[in-house]
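Order of writing sets the chain letters: A, B, C and D. Residues in each chain are counted from 1.
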Amino acid sequence: MASETRLRVRYAETDKMGVVHHAVYPIWFEAARGDYIRKQGVGYDEIEKMGFMIPLHDLTCTYIKPCVYEEEVIIRTRVVKANAVKVVFSYEIYVEGEDAPRAKGTTTHAWVRTGDFKMVNLKREAPEIYEMLIKCVKEDIPDEI
Amino acid sequence: MASETRLRVRYAETDKMGVVHHAVYPIWFEAARGDYIRKQGVGYDEIEKMGFMIPLHDLTCTYIKPCVYEEEVIIRTRVVKANAVKVVFSYEIYVEGEDAPRAKGTTTHAWVRTGDFKMVNLKREAPEIYEMLIKCVKEDIPDEI
Amino acid sequence: MASETRLRVRYAETDKMGVVHHAVYPIWFEAARGDYIRKQGVGYDEIEKMGFMIPLHDLTCTYIKPCVYEEEVIIRTRVVKANAVKVVFSYEIYVEGEDAPRAKGTTTHAWVRTGDFKMVNLKREAPEIYEMLIKCVKEDIPDEI
Amino acid sequence: MASETRLRVRYAETDKMGVVHHAVYPIWFEAARGDYIRKQGVGYDEIEKMGFMIPLHDLTCTYIKPCVYEEEVIIRTRVVKANAVKVVFSYEIYVEGEDAPRAKGTTTHAWVRTGDFKMVNLKREAPEIYEMLIKCVKEDIPDEI
């Protein structure tokens, strides 16, 4: 049930090692996360306009095999945890036709108010988004429920 | 009289060609421009807090010889034009001990209001910043006055 | 006859002004250029493997109206000049349904050898790529021929 | 005994949230790591010329309080683990005068050969660099030895 996002590796994303620079993967994660949220019917830009943001609290990334210029990568995104105050996404980066991921990672986010970055209880302040995320977790990791 | 800013080339700034990626130079120009403005006694962050911004209208960059990882580059910044509605900066990137620049460029900016991006007449709305910039032009390119 | 490339604005591409940072546009130009070349039947990665690169000699960009997060932008790319030693691309960035471009620019490239960056005469050393580019100019800017 | 590296926050490093984008911190870690290595008497560029690279295997980053434009950040870097095949760096990002870090993280690297990315036993193939790193661990985390 994971969402899939496809991106073509940009030249600017490579470094002198000849492969994609490691700081690019969090940017791909973010693009995939935005795509995931949009597919639920509400853009992250709209969530910000509603007054909420999800800055990162934690990032992890494991690099397995480098991606190279011109490759088309597929990012599989899941919501693996969601509660009233935080949400955790996981990501796996694949190249078509390969079984092993090139990289994988997680991002942990806190719900805060735009403007003052004060933490908010999403269940209370935006129950419809809260419910949407709970539903995502159930669909994305059904075995763990 | 040009301002000088020193930066060390970052690994992330290189690409698979083995040299600094061309989109990095505008970022160096911007860092040097911020440094230039700060040296006049007011940070660009403070100018934004006063309600003004200088988004780019035009950018030019000429690449002469690539910069490489670990090099320390020197950016020489000048204000080459300033009037009530716009300001033009020029930049030259050098490496210590070399006569020829590695790259050079210009950025043309319009003065706008933060929030709505409406153009403003700086001479009228912030005469002290306007005067500061006129003084910069006189010092930076005295031969042309 | 221009090639069109579609990209979704990434959060990481915005800056504290709330819009796309100006140094992102050259990266979009590059992504569109790679797309353009790939559509001619040969990837730029393959051209590099043949032993040729096209580092930038000049970049220009004019910013007309800022792009914002989540917008899908369309980059129209043309080859406006090509000869044995250089090639010039032009780009216009649109948002669906708008007549005026948000930004436009050009990149001028020299043909060099991978490894030593020595300039090469493409017409002599890779006539098939040279002919491909001449054909591109004829199709992209027929009025000027 | 940790190495300290100072960087000024660039405008391009911010995003529409008004603070430094989370993907910038790994780039700062890398700049600080290069600085750390250079202070040991050998640049990372020289290590690459010797035929060795340290691509990332793992990255972690915890974001505590956002950094903003124009702030001067201090990155404290340590080598917390080193053996024949890998090296682990830790980083803490501070702003002058503050006790709590704004962010902290780790990067785990494998030693590989340039060109084919084959893993190498550093102790055998470059004992002088291996010894240098072991010495770093002893100085950086003396309590744990």
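Following the convention adopted for this analysis, a residue touches a chain if its C-beta (ideal position, glycine included) is under 8 Å from a C-beta of that chain, and two chains touch if they have at least 3 such contacts.
These numbers come from a predicted model, not from an experiment.
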Interface with more contacting C-beta pairs, comparing B-D to A-D: A-D
Identity of the chain that, by mean CA position, is farthest from subunit B: A
CA centroid of subunit A to CA centroid of subunit B, Å: 35
Approximate Å spacing (C-alpha centroids) for the pair subunit A, subunit D: 25
Chain centre separation in whole Å, for subunit D relative to subunit B (CA means): 29
Junction residues of subunit B - those touching two or more other chains: 11-12, 19, 23, 27, 30, 69
Residues of subunit B that touch subunit C when the two form their complex: 17, 19, 22-24, 26-27, 30, 53, 55-63, 66, 117
Of all residues in subunit D, those that touch subunit B in their complex: 8, 10-12, 27, 30-31, 34-35, 38, 43-45, 68-70
Partner subunit C, residues of subunit D touching it in the complex: 11-12, 14-16, 18-19, 21, 23, 69
